[in-house]
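First chain A sits with chain B, and in the next complex the same chain sits with chain C.
== the complex of A and B ==
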């Protein structure tokens, strides 16, 4: 099952997600990027039926910026996302769980937990999936507010180690993305399996 | 003038004009003046009341000034019943935004949204345009205090000082002469009262003939929309020496 987790540090927020695309017992690929960059200063990590929904949110975030000349705040984007999930919920629900991280100049870094039934919480640390059983416990033990990037990535690595050692069908690879005043970007990968390249025809 | 092109609201005349829109602006030219001035610490709106019978029940409702949302208000000039529809639309749009984003709607976006509605009535549907012009005053965290003016065509602009309704060209030119960029809210109040007194038709200016409202930031950081009570208006009129209309006319 898909693991997405994240936390807020000192002037930044970070999200890690596994990168396996699985269908029943088959692993289609192990380098599927599940953390979408919504705009210059926002990240959306999703688990479940994600591509349709996250692309829809990304395009709406962009449209707002084109129309109005100013970007959405992280809080506004989170509430908009939750609203879309809520509207679809009683008709044709999206089965996505989301962690939305962003950096706003006025309010600094923030992280939002949005689950598939449109629950919205602003949080300091959170996790989805089977991995959450391990991640939340590790974060409860080691998280403190105002962590540096090194400390935060160290905690993320501890969480990944727990998933790898304790989850029966643990995903082999993870991607870590970070957002701070300089923007949203990929930070690192943690891989145990490298997909073989496609041989030339 | 091609009269045969008048009655259909949504077609151009051969000269490329939309007559119904222009006639709507004519209607507004007969309505009570409204003036707005942008200060560095607030926005001031003043409106001339046309209905001043002693029989009128003075209640909490206003004739010229309306609150759209906690951070946004407007002054109207034109057909009141048309204005009510648009004000209601504006209020709904502001709440719809707040529901979706859990944040107050930026002022320009509200103005733009309302103007898009007005524009629709100049292009399709066969209905006449709204006979109202607005002065929108508000505050948002992106651009601070702002003043916008919009007309029946759906055009709008951001202004430092603007006037709509009767004698607005005179008021506008007076504002152009007297406005300074760093004006404070108190100076702005003085300016609008002075300009209104010079452009109003009536012989004397008393508190029952006008409405005065301000958008400002309270010390708590909250945006406040305040309508001045008749007593405070009277005090201001006396303080700024504008109780009598000056004999010279511009």
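== the complex of A and C ==
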């Protein structure tokens, strides 16, 4: 099952997600990017049937910026996302769990937990999926507020090692993305399986 | 597991002498897993009216947003705050609107009405109001809370004594409930001031 986890550090927020696209016992691909960059300073890591929903949120975030000339704050984007999930909940629910990380000039970095049934909460560290059983405990032990990027990525690596060694259906590859005052970007991959390129004809 | 027990919650409100107290636990969980230990279950509607929403957190958040909207509109039209009795009727009506697809919440409402007379009430998820003169409870540890409150409560307590009583009753109950916990938020409201305190109980 899909592992997404993240934490807030000193002036940045980081999200890591596995990169396996799985259907029952078949792994379709091992380099599926599950952390969408919503805008220059926001990341949305999602687990579940996420593609349509996250793209919808991304386009609406862009639309707000086009219409109003200023970008949404992270809190506003999180509340908008929760609103969409909540409205759809009793009609045609989205089965997507989301960690939304962002950086705002006025308020700094933040991380929001948004459940598939639209429970919204601002958190310092969080995780979804089977990996959460290992990551949350690892983070409870090693996390402290105001971690540097090196410390935070070290903690992320500890969590990934824990998933790899203890989860029976552990996904082989992970992507780590970070958001800080300079924007949202991919930070690193942690791979054990490299997808083979297409063979020459 | 029942949908009301999905997130875990505990709420209690008590009446004192010209004051009231409302308290909740701080845990937000997803069944057995704890997500956060600083979840606010009690929200202010206006200076003399508080509502706590037990039950499913997503419905509590949606319902709270709808209630704030209704109250703000009322304030614009009537140019005054809603009385607690009126607000309780609004909550009841909103819940009954969804009679055959309800919000999975149990509200606990506490306020100071006319002449600063304390008012508390609770209702079930489809809006059946229960007014009480002493205390009301809600959430996963409600049965335990009934017992604790019944034995500890006495009428006409001052704000400090009320704070002690409600805190002890709530902590005693949530310490025995696996789905509630991680401390408590207690609000004690008198006509002149609002005191918000955070308690530490069994942090588990």
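A few remarks follow.
In this text, the second predicted complex is superposed on the first by the 199 of 201 C-alpha atoms of A that agree within 3 Å, B and C clash if a C-alpha of one lies under 4 Å from a C-alpha of the other, contacts with A are read in each partner's own complex, and residues count from 1 in each chain.
Note that in this section a contact is a pair of C-beta atoms (placed from the backbone, for glycine too) under 8 Å apart; a residue touches a chain by one contact, two chains touch by 3 or more.
Only a predicted model underlies this, so the values are computations on that prediction, with no experimental measurement involved.
Contact with chain B, but none with chain C, is seen for A:80 once the two complexes are overlaid on the shared chain.
Of the two partner chains, chain C is the only one touched by A:126; chain B is not. Look at A:136: by the touch rule set out above, it reaches chain C but stays clear of chain B. Within the superposed three-chain model, A:118 lies in touch with chain C and out of touch with chain B [touch as defined at top]. In the superposed model, C is the one of chain B and chain C that contacts more residues of chain A.
When the two structures are aligned on the shared chain, A:65 is found in touch with neither chain B nor chain C. Shared-chain residue A:90: touches chain C; no touch with chain B. Once the two complexes are overlaid on chain A, none of the chain A residues touched by chain B in the first is touched by chain C in the second. Against chain A, in their complex, chain B makes its touches with residues 99-103, 106, 108-109, 141-142.
Residues 82, 86, 89-90, 113, 115, 117-121, 123, 126, 132-133, 136 of chain A are the ones that touch chain C when the two sit in their complex.
Partner chain A is touched in their complex by these residues of chain C: 7, 28, 30, 33, 35-36, 39, 56-58, 61-62, 101.
By the touch criterion stated above, chain A contacts chain B in their complex at residues 68, 70, 72-73, 75-76, 79-80, 83, 106.
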